[in-house]
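So that you can tell them apart, the chains are marked A, B, C and D in the order they are listed, and the count of residues begins at 1 in each.
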Amino acid sequence: MLRFTATRLVQLVVICFLISVFAFLLVHLLPGDPTLAILGPNDTPAARAVLLHQLGLNKGLLAQYGTWIVNIFHGNLGASFLTKQTVTNALSVAVPIDLELIVVSQVLALLVAIPMALIAALRPNRAFDRVATTSTFAMLSLPTFVAGPLLVLVFAVTLKWVPATGFNRLSQGLGPNLKSVILPSVALAIGSITVYYRLLRADLIATLQEDFVTMARSKGLSTRYILLRHVMRPSSFSLLAGAGISIGTLFTGAFVVEVLFQLPGIGFQLVQAIYGRDYLVVQGMALVAAVAFVVVNFGVDYLLTVLDPRVRRA
Amino acid sequence: MADSADRYDRRAFLTRGATTAAAVGLAGVGLPSLLAACGSGTTAPPHASSTPGIGIGTPKRGGTVTIGLNSEIDGFLPSASHFDNSGLTYANTIFDTLTVVGADGSAKPYLAQSVVPNTDMTVWTITLRPGVTFHDGSPLNADVLVANMQALQTSALTGQALRGVVDTVAKTGDLSVAVTCAEPIVAFPHYLATQVGYVIALAQLESQNSTKPIGTGPFSLVEWVPNDHLAVTRNHNYWRSGLPYLDGLTYRPISEDQSRENSLRSGTIDLMVTRDPDAIRDLRDNADYQLVLNPNVGQGDMDFVILNTSVAPTSDIVVRQALAHAINVDELVKLFGAGIAKPNLSLFPPGSPYRPADNGYPTYDLAKAKQLVAQAAPNHGGSIKISLATITDPRLLNEVQAIASMWGLAGIQTTVSEIEQVTFIDNLVTGQFQAYTDEMFGATDPDLNYVWLSPTTANGPIALNFARNKDDALETALQTGRTTSDQAVRAKAYQQVDKRLAQDLPYLWASLATWCSIGSNVVQNFNNLTLPDGSKALGFSNGVLDPTPVWRKD
Amino acid sequence: MPELPSYVALESESTLALDSTPGMGVQALQSRLPASGLFSRKGGLGLTFWICLGWVVFMILLAVLASVLPIKAPNFQDYSAVNVGPTARHLLGTDDLGRDLLSRVIFGSRVSLVIGFAPILAGLVIGGAAGLLAGYRSGPADTVLNAVSFVLLAFPALLAIMVIETFWKPVSLFKLTVMFTFVAAPLLFRVIRATTLSFSSREFVVAARATGAKTSRLLLRELLPNIVPAAVSFALIGVAIAIVLEGSLAFLGLSIGLPTSSLGNIINDGVNSNNLTLNPFIALWPSLYIFLLLTALNLMADRLRSYFDLREVTL
Amino acid sequence: MSRWSRRPQLSFPDVGSIEGPLLEVIDLHTSFRTGRGLVRAVDGVSLTLGRGRTLGVVGESGSGKTVLSRSIMGLVPGSNVERSGVVRFSGHDLTAMSLAELREVWGMQVALVFQDPMTALNPVVRVGRQITESLRLRAGLDRKAARETAVALLKSVGIPAPEQRLRNYPHELSGGMRQRVMIAIAVACGPKLLLADEPTTGLDVTVQAQILDLLAAQQSERHMGMILVTHDLGVVANRTDDIMVMYAGRVVEQAPTAELFAHTRMPYTEALMRSIPRLAEASHTRLRAIPGRPPDLAADLRGCRFAPRCPYVQEHCRKEEPPLRAAGQGHLFRCWYPVGSAEGDAALAYNVASRLPAALAFTGTPVRDAAMVAPNGVGIT
């Protein structure tokens, strides 16, 4: 096991280094610079020179990258040129929002997709399977930015059950917190249900054709027991891999929902920082999102070796 | 100073929150200097029993209100942060301005006890109100005011705009300061009602801290989480005794117009500021909500297409005339005004003293437009090609496509493009554009727009007069308007400005912006500020609120 | 077509001695084609398959022949009929600029079909080849390709697309396709690598290798037929996601330059400034188009997979 | 607990006390509706099995022997199955039972041993749980008792160090070991009838013998009836009491083992026996395979199903299918020109004379494969 984690750690470091270089270069490719965003029309050459010096942007790219990386190791991700807010502070606002959005939406997606897949796999090509498959396509062709407004129209505006926008932090009580997160999570979950349903259904059908299922039946075990204790585990591998990727990409992929529901998550602040040429915030957010993705997927890889003893030797 | 040239866009959070670079840094809200000859206001039809925004019955103390704004600000430093309409609303909550514009349009003393000019209006003496303290307990005195003024003069953001106005600032007494101007500035009190009029505590000024504001205003800071909320609580020793009524306030910036409207209708917020005509149309006839539109006083923000007069083909006046004649403004506003916005082919709103009877602005005439295109085409390589751009906003994108098809009918090949905010502003400032949509010129006194219109700021690599039109007659009219104290002469001067703009056509006018504040019936008295001298303030204008008089009914 | 339990299938096809593992070589696939031809309901691919195929071909024809069809110009603004529901003149109604929705959806489908299929096909080729190689021949090639795929996936696609767009003006269909390929290729790489890994440990591959088969022959003849079903079903989801992703970009103003329409930016327009309540048709027709396209594609894919995969659930 | 858990009360008398046969199968049919028509996998099979006796079922692939074993248990899944006939097990008709009642029978009364231990054990579940789960859920033992029984079971099937083995996963055991675990699982709840579906096919010969001895030992120790399904005549030769030969879904010959080998009546059975390589023959003698292939079960077959490949075939065989006829005590066969009878020899001679390919192949003397013989006459092994 140690060798497994060791190679993974090395890969993690290499990948994060590549991503940090990638993020840094990309952002500095953007035409224009933060002085324009700060000074606006009063961007006289003199004022610009002063500001560039203040922000340390007059140094060479390599030097800037160097200072950025050194700061990171000291735990200082730098601050926004515009709002003077430290990136860590912005993250302390963004990460809880994204984490909660991702956890609630993916749990919802799994709670819907798993039972559906089980029933569909038990009777492939029968009525339920056909209906479920078609309805998942309907969900797939319903973009988040259509699902969001529809949900708000029904549950917030007409029924007034939940707030239409905004994020109530956990400190304001679980009830209000969940209420503020439920609509964006459902909008996000709709996209994931289809992927999870199709992955799980395909694997379940394959597993249900294995001999050990007939063996289990020949022991007189109930269908429910066989499904949960024998069939689920070997069929959940690609589902897990799918979850890893979908959770990873949601860190920045949820920006549409974050805009619609005014939730300043990582995607939201990343987009804003790009528009404002707020280099340090962009680099900080991009790096954190990327590291989160890598960590999540390495976690999934580890979980796969735990779930499938045959893989452990690899 | 001129009202902020803020951008009307649905992606306000994308742009304004981070950059609001569009604002000159000086956003003015205030009142017309003359008694407004007030035409029928475009306020919503009167409610059953009360006018919207005016409280009924005795004010109730306590409770909190949540207000949804259309954008987030980037800080609380008047000398470094961009105060768009949301910025000014935040500032009105935590700070006070030296003067506030009254319902009659004149700038009345507020934090300042008096603002007195010398005979030729070149030296203005501001005397502060005694016994006023900041939230951190420090006293308000002449030293603090001088420090504030000097900070504004030296700041990269506001310095250039103030150069033409304020020359030197000197303390003349414990509570009085003398400001000498470069030239007679008739509308100086109006400047003190804009971003430069806010006075912040020495502690915040010296540390240049833009996230922890300390002011003299009705509420003091509790917590500011950018793009999420600003929480403030009642300032118990506010210098206006008995005010404010509320215990606290929460501002929530919601950039999506649709989301903000949904938040109001779902009760997530109690009051909102919007400029989306659809929202106004939806809620106008709904008895649960009070709608307060822009007062028909002073100058409202104008929606228009700005043409770059320093670059071909828009440098050719004939082309500009063709473009003006080709736009069917009535149809355009009907399509996008949701029946709320009104076409307004002038710098000034209808009923304003500065609006000439007929400013000669070209009306819609497709045949004439075609003829002008044919006339101008030979000296532009045989055909007129215009690139029309806007920022990422669904209504503006549709508007731009409509204009493009109208110009197409007149034979002008138009390409439409969408540009994100920073590049948009950069192109405006550096003149790398032909035709852009734009929205600005909201101000309580025409002089506040001097820096945007004056040919003196039209040259050099970076020009504040984006259209870069150089018209001497326009400059003389602006100068007389700025320096004469005779109202009749001033009116004639600004009428001349409007006529010149209609001749030179740097701006193709469309309609007045439909600013509106909408509150549920729970929120009372959100547009009924009374000044210390007992008279009524102008109140909500160009998207700026003052929460001081608000109370909660339930 | 109901299937036989595996052990029955084995017995009744004795001489073909199908190996016991689910995967089958290419020769087994050919043997599956029944004597009674492809079209018959009983043995063939079934009517639903051909209906779906017909529908997809119809959609592609519509998109290709759009400019020739007797429909209105997509960008013509008819101010007399703004936000109108389906009428004789405008079969599917008009949008908030009075443009005919039928022609905008058809012209829009041009962009969206390309955006949907091109990056996924490119991704399948690039990701597929890399995936096959990495999955089959683990070792340095695998670790390098895996690391590259990780970096591409981990990097916020949003940042890349936004930077490229502001830098690489104006946005064209080709550029969008290239950008989407960058997103699709690593995803498909990971799926195909995973499937290759699981199949390459199966006996029939080891057996084929034992008979001295060249790697290329082995990859193409043995592994590919088993990987295709999984890859195709994932790719089809990819098509849907790509089309809808283009809509999210339109939401941010980073999509195809206006006024050309794509299904994404029509839907986006249909959701803005309460068009949803005012004129829901704007968002409805393109979403319906995507839904029908996807359902048809996926039914075909499922039909093909179950046709070539004669096994029955034993529970 | 949900309604399924309400256990239907079926009473199964103790093995010793029932009169009559343990298992009685009367005219069992199992067919599958497929795209190519109705595949009649089991086409009318009847058999009886007494307590403690072993019945061998022999046949090529596609003869329906595996479907027979699964049909007896009622384990043939799928919505496209058509079943008829009666399967009476110690007085209860299994074919009339509901799924819930059948589930009472499975495991406790009747058990199944699979052919391929590799796929019949769940690869991701420890061997221990795959044994104890039926002990705990069906036999109602608590965790500790179940573990102890499992260890005892593994010991009884000859697995060394059973405690460690419980923690292993199936892929960590050898083929033989896995088959022993399978048998342990099957006999865990003390079934009265054991259906072994080609239990040794997946194993090498040396392990085969051990597994078959183990099955025999378990059978006698637990006084079980057993049906041993295989395609290898050698397996059933001296381990079964009776043998039933199946061809194309039908029983073609049935007799006590010794009787079948001594007086084979059915040409197919004779051909099967002849195809077993003899030690006596020199190495590399070419094996005698039966030419042709079994019929397509979906086609409507007329006449004797072995006719196309039978060296004794005559016109009568092609026109009318011979019924099962008795040939002495407990010996049935289905042929017009049985082996060893006068008509049989005449038919064979006639066919050889008329140069019928099947007959020639049948009578040709076995020849050594020249290419494989080294110059010194010793076969290249």
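Methods note: a residue touches a chain if its C-beta (ideal position, glycine included) is under 8 Å from a C-beta of that chain, and two chains touch if they have at least 3 such contacts.
If you're wondering where the values come from, they're calculated on a predicted model, not measured in any experiment.
S.K.: Of the chains present, which has its C-alpha mean closest to the combined C-alpha mean?
M.R.: Central chain is A.
S.K.: Farthest from chain D in C-alpha centre terms, which chain would that be?
M.R.: B
S.K.: Select, from B-C and A-B, the pair of chains that is joined by more C-beta pairs in contact.
M.R.: A-B
S.K.: Just the number, please: Cα centre separation of chain B and chain D in whole Å.
M.R.: Chain centroid spacing, chain B to chain D, equals 92 Å.
S.K.: Centroid from C-alpha atoms only, then distance chain B to chain C, rounded to Å. What do you get?
M.R.: Those two chain centres are 50 Å apart.
S.K.: So what's the Cα centroid distance for chain A and chain B, whole Å?
M.R.: Each chain's C-alpha centroid was found; their separation is 39 Å.
S.K.: Using CA atom averages as chain centres, what separation in Å is found between chain A and chain D?
M.R.: 55
S.K.: So which bits of chain D are touching at least two other chains?
M.R.: Correct list: 77, 79, 116, 119.
S.K.: I need the residues of chain A touching at least two other chains; which ones are they?
M.R.: 31, 123, 149, 153, 210-211, 214, 217, 259, 271, in rising order.
S.K.: For chain C, give me the residues that contact two or more of the other chains.
M.R.: As it turns out, chain C has residues touching two or more other chains at 166, 252, 268, 312-315.
S.K.: In their shared complex, at which residues does chain A touch chain B?
M.R.: 31-32, 36-45, 47, 50-51, 82-85, 90, 93, 149, 152-153, 156-157, 160, 162-167, 259-262, 264, 268-269, 271-273, 275-278
S.K.: Please give the residue numbers of chain A that touch chain D in the complex, ascending.
M.R.: 123, 210-212, 214-222, 224-225, 229-230, 233-234, 307-310
S.K.: Could you pull out which chain B residues touch chain A in their complex?
M.R.: 5, 13-15, 17-25, 74-75, 82, 156-161, 210-211, 225-229, 252-256, 258-260, 262-263, 265-268, 420-423, 425-426, 428-429, 461-462, 464
S.K.: Sort out for me which residues of chain D touch chain A in the complex.
M.R.: Within the complex, chain D contacts chain A at residues 4-5, 73, 75, 77, 79, 103-108, 111-112, 114, 116, 119-125, 133-134, 137-138, 169, 171-172, 182, 185, 189.
S.K.: Within their complex, state which residues of chain A touch chain C.
M.R.: So the residues of chain A touching chain C come out as 11, 14-15, 18-19, 22-23, 26-27, 29-31, 121-125, 133-134, 137-138, 140-146, 149-150, 153, 191, 194-195, 198, 202, 205-206, 208-211, 213-214, 217, 223, 226-227, 231, 238, 241, 245, 248-249, 251-253, 255-256, 259, 267, 270-271, 274, 282, 285-286, 289-291, 293-294, 297.
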